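Order of writing sets the labels: A, B, C and D. Residues in every chain begin at 1.
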Amino acid sequence: MNFLSKFNWIRHGLLTIGIMIVGTVIVAALTAPIISPYSPYDLDVTMMLQAPSADHWLGTDELGRDVLSRTIFASQISIQVALVAVSVGVIGGTIIGVLAAYFGGVTDLILMRLMELLFSFPAILLAIVLMASLGTSILNAMIAIGIIFIPGFARLARATTVEAMQQQYIEAARSVGMSHSRILIIEIMPNVITPLLVEAAVAFAYAVLLESALSFLGLGAQPPEPSWGNMLNTGRGFMAQAPWLSIMPGMALFFCVLGFNLLGDGLRDMLDPHLRD
Amino acid sequence: MSKRENDQSNFANLNRRHFLGGTATTALMVASLGVAVDGFTSSALSAPKRGGVLKAAFAADPAGFDPVRGPSGMSHVVIEQVYSTLMALDADAKPYPELAESFQMSDDGLQYTFKLRSGVKFHNGDELTAEDVKFSFDRLRAKDSGYSYTAQVETIDSVDVVDKLTVKFKLSKVTGPFLVYMAFPGSSIVPKKLVESGHDLNAKPIGSGPFKFVSYEPRSAIKFERNENYFQEGKPFFDAMEYRIIPDITALTNAVASGEVNFSNEIPAKDWASIKANPALATQTLEGSRYYWVIPNNTKKPLDNPKVRQAIGLAVDRSAIVAGAFFGQATAIRGGVIPKWNWGYADINYFGEKSEVAKAKALLAEAGFPNGFETSITMASSFPPMMAMAPIIQANLAAIGIKAKIDSMEVPRYWDEIWGPSKFDMTAMYWLSPLADPDDFVTNNYKRGMAVNVQKSGSPELDAILDAAKQATTQDARKELYKKMQQMSLDEMGIIPLVNGHLLIAHSKKLQGYVPMRTGFLKTLKDSWFEG
Amino acid sequence: MLRLIFTRLALFVPTLLAASIILFIAINVVPGSAARSALGVDATPQAIMRFEALNGLDRPLIVQYSDWFIKAMQGDFGKSFQNRVAVGPEILKRLPVTLELALLAFLIANVIALPLGAIAAFRHRKILDVIITTFATILGAVPNFWLATLFVLLFALIWPILPAGGFTPFLSDPKANLIQMILPALSLGLVSSSLLLRIMRTTMLEVLNSAYIKTAHAKGASERVVLIRHALRNALIPFFTVGAVEFGFLFGGVVVIEDIFRLPGIGSLVLVGIINRDYPVLLGSALVITIVVLAANMIVDTIAMILDPRQIHAGER
Amino acid sequence: MKIEANKRSSTLEIENLSVAFGQGSKSAVVVDNISLKIGKGEIVGLIGESGSGKTVASLAVLGMLPRGAKVVQGSIKLTNDPLLERTDDYRRSIRGDRIALIPQDALRSLNPTGKVGYQVGEPLNLHRSASWAFARSKAIELLRSVNLSDPELRSEEYPHQFSGGMQQRAMIAMGLSTEPELLIADEPTTALDVTVQAQVLDLLRAVRDQHDTSILFITHDLGVVANLCDRVYVMYSGAIVEEGPVDQIFSNPSHPYTQGLLDATPRIHGAMTGLTPIPGQIPLPNKRPVGCRFSDRCLFALPQCASTPKPITVGDNHISYCLRVKELGGSS
């Protein structure tokens, strides 16, 4: 434990706040059934659109469901989507990036041109088009967002791999007759991890943002599943009578995205000092 | 609740039928039919004034303006302004002669002869004659016409021109709602010479109706101008009309509230309270002809057992659906699907106001499922009322032991994967009957083999009653048969009726003399005017 | 210099071609058939057949694609399944709306990002730098559609000074148009300003630590002269190169913002396309947005190139 | 032609200057109590390994100390104008006018997006409020004076179109544009190859001969000092350990560190004896040995070296701060 005690929490302020926020969100997601006052699904039509009150801290929605509980449960979907999407992005991206760098030549050119092309699409447009073909559901949202992340991670993995390959020991390993795959896994993978970790945190934030945007457009998580995106979408319809429907879920979404951004920035500061400005 | 309402109108199958032999009623009959109309001053007092532009707000885009190819509700609301039909429907969907000055029906009910008004001109100046009438209907009856409402014209054997202003229809079978069919936008009279010269009515409609078509800008507006030589003297009163297309329902409410538009009959239920409270607006609401129902898949165990379906029907809390999904703007259906205002109404009290858990549980036990079963409800995600009622139904079913999972998908996939191939345990849908003829309320859903009967319910006996009711000669006979049919439908419970939606209409206080139509059509706009 | 611009143009066409292929494939692997969603629930099988024949949906994908792409390049994007109106003219009519929104948002983002980024770099690690960086981090985490909702709540409902939507073409009524554009452009521009701000701060820091800035100080130039004559131009080159990618993000936001504020642009058309499974509309609008984004990237890239003499006067004589 | 130093009025007088980084307990004294004088038209060399504080001293003179560094004691006079007592604005106004800097890496010190003529002429615009047209024409003249071929064309080009030598000459031209009293050259030739280096040194000597400009030449290269400088100050770990005329320093190095430096420098003439590097490294500012800083690496160190070094005159104007200099006698 001496690492934690020795670690200078103040100097890495960003990281500390980041970890705290992300920690709260994950804990909320895991203990949602315990900590939320009501189930996100049970409704009471007579209690429709109630303002925040003692028994409903964040008020009720258009079917009388408790907004606080739904906001807490919505964190589950966001974390799930972010987890799957980022892993799709990381795995897909790393494979493509490392292969492109390792084999170079034509494969590198083709793969990277493709990545560049995917990069030039606005993310949401690509997500929408992918959702069009996959169909609108949470799982498809995850895959679509994951695919959007692949170019970013591919570019990163390729850059780090090229850098790693320049080191002599790769030549040495190859001369010793190590097979391509062993070299990739043992030599190159370790030092690709650090920058990927940083990038993954920021990608997490972006995944949560993208998923909620898709749900806001009615394409991601479908009602009655609680997700910040579709809660905000419903809120839009009751702006005049029930403004809290549009504020509270948005606050939680902002809070979660901020947490992951800070985590990313903090990690970058700590792990790659020379990247620090 | 998604913001797209535009699917609901281009989905509805609109066909027009009315009770045979209704006496002609004047269009301006003051509403005395139990219509909860507030802020509506009786029109007979102040004389109508010319001028002004009516701007109406709608949620969906039209799909073409050729009567033979108008599948969506939004198309019909345009077609009925530009073309005219032999008959027309008044506020309560009773047919009265429009293009036809008079009509005779043969005793055996198989021949109708219409005497046309003389001097009626199309918008391009051609004179409207019997030739045009024959051409219009032959066009609908042609094999490859692609007409969506062939059911209305399949009983027509032939259409003969007797003389320039007289045309005779010969029918193969007695068709109760024939006159109502004659008032349906699909049965509009088109200019024969013009269409034969290759003019595309779909892009630029030319008819003899009260308004001339000016332009259509996709997803934004359809513009009309007054038809100076409309055959009804002095009408229409507006100089021009504009249909504004606002897909987002909240934006539609804001447009009406802000005065950007001065009329709409598609006010979303969620905003009805705020619109009613708006001093600048006059509001009218009446029970319409759009009813919602739950569809249990009659081929799937255990939903194939009528007792199980009845249990579900009894378990549903219709008052909660009215409040939660319609914000109070709907009427719970207590028995048959034909609404109270229609002559085909059968006063049956089968369903309770609230959910009847005890009765439902008993029925379930009888059916052999004392502690319920697992099932699923699949909904189309861009219909706000469906998405709102799904959790309510889920809760009601849970109360009697049925665990129902809700899943939803966006409309296009829903049609293809769920609706078309009937791949669902339970789903829900709504039906808009523009003809307000009892037949139109029931046949499409209850008769076997119909495109809409996706739950595969029905029986030979039910089909027999439906056909008999359609072909009975007198209204009383049809009324009796429809009563029997509705009772039978409740025993079978092929589909589970829920609620009947209300038409929510709001317009500027300056608009006078507007009598809303139950069917949601806007033919009576030509009789209204702007006061000062 | 022209040679450089020419190579970029040459690169533009294949990228566009590849982009259109990706879009076409992505959309055509669609489970929901467009026919039924256009014709409605009771579309009889033969009506569907006729519809698909009419729109050529029964031909093999390759034929459909090549036919579509060749026509698209001449501005003919086919007819919308929903209202049988040609999609091309509608897209053309809607393009200025989207361009205006994206441009205004980009301007707002730059007006905020450039000065604040430069100041933050100048006052590196001092109070002002911390404040500006925190502001950027917080703003960067705000979802633009939530910001838009809050704006509507604040400025259109609670304190109604701005319209909550609608659009008046600039030419017909510039004042009304700009008033309507304030909230959408702000909700789009503010969020992307935070990212641009961080890019500006990083590039400016790199420049300020460079030797030629030290020389400028050694020449006795004042802070203002150093910033304007020396630092700014050198910082803008990497700023624009990196900023070009940010323009793509801006265009993603356009889809959501246009929907919220009911702006009749191409963004909202994409949504209409997907929700109604209207292929021509979805494909046409998605392709045009991609073309505009690629063009915008190229323009911003070229600006960066013009600013940088090292690229124009290549090589040592 | 070497001119007697003390007869001339001194352009630059630094007395007991100390510069420290950081505050409080952690503060490090990088420049510790140095004194230095440069006469008018004199070229003075300041030698020391990198990290000895010579660049920080020059920045103190320019008034461009980096953030966190400040002058703790001492005075700097530019032709008896006490700079440390002047306002920042005044210091800025004379920078580039009366004192000019010639940096080490000319390419990176030229604004990549600005034309060379424009940059060379800028000091005139800044200090002489010259119009750009005048500044540009003067710049062309200056470029010609630093032996650049067809200067009209050159002034319109950009730094990346210049070779290393041409860039350094441009920097010198820029420095001369306002005919400064003092030219501080901070290792101007280190990045250049030998032939170009010689040309630049000749140019500096010509500048001194024609404009009587005093030059403070900072370097770690003894060869350059021998070639160019009149007098030399040897600096080690923030302090001056020996000062004197060039020929005396080379013929009679009177401080073990200076001796060590000479032994570690390859000679062009004379036998090629093996090079003996000085053992150990320069101590960090806050870990310096007490008294003579070189004692921890000096072969002749004695316990009394821990006392504060005092200046001992070894010859005409030749002072050494090693208390055993007499004992070790001349060049050992």
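Heads up, the rule we're going with is that a contact is a pair of C-beta atoms (placed from the backbone, for glycine too) under 8 Å apart; a residue touches a chain by one contact, two chains touch by 3 or more.
As the structure is a prediction and not an experimental result, all values here were calculated from the model.
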Given the touch definition stated above, what is the smallest step count connecting subunit B to subunit D? 2
Touching both subunit A and subunit D we find C
Select, from all pairs of chains, the pair with the highest number of C-beta pairs in contact. A-C
Per Cα centroids, the chain farthest from subunit D: B
From the Cα centroids, identify the chain that ends up most central relative to all protein Cα atoms. C
Taking each chain's mean CA coordinate, subunit A and subunit C are separated, in whole Å, by 22
So, in whole Å, the Cα centroid of subunit A is separated from that of subunit B by 47
Indicate the whole-number Å distance between the mean C-alpha point of subunit C and the mean C-alpha point of subunit D. 54
How big is the gap, in whole Å, between where the Cα atoms of subunit B centre and where those of subunit C centre? 43
Among subunit B residues, those touching two or more other chains are 4, 382, 410, 413
Multi-chain contacts in subunit C: which residues touch at least two other chains? 30-32, 259, 275, 277
So which bits of subunit A are touching at least two other chains? 135, 218-219, 236, 239-240
Throw together a list of every chain pair that touches. A-B, A-C, B-C, C-D
Where on subunit C is subunit A touching in the complex? 15, 18-19, 22-23, 25-32, 124, 137-138, 140-143, 145-146, 149-150, 152-153, 157-158, 201-202, 205, 245, 248-256, 259-260, 270-271, 274-275, 277, 282, 286, 289-290, 293-294, 297
Subunit A contacts subunit B in the complex at 41-43, 45-46, 48, 62-65, 135-137, 218-219, 222-224, 233-234, 236-241
Sort out for me which residues of subunit A touch subunit C in the complex. 113-114, 116-125, 128-133, 135, 205, 209, 212-213, 216-219, 232, 235-236, 239-240, 243, 246-247, 250, 253-254, 257-258, 261-262, 265, 277
Quick check on the complex: what are the subunit B residues that touch subunit C? 4, 6-7, 10-13, 61-64, 71-72, 144, 146, 148, 202, 216, 218-220, 246-248, 251, 254, 260, 382, 410-417, 419-420, 429, 444, 451-452
Flag every residue of subunit C that touches subunit B in the complex, lowest number first. 30-34, 36-44, 46-47, 50, 80, 82-85, 90, 164-166, 259, 262, 264, 269, 272, 275-277
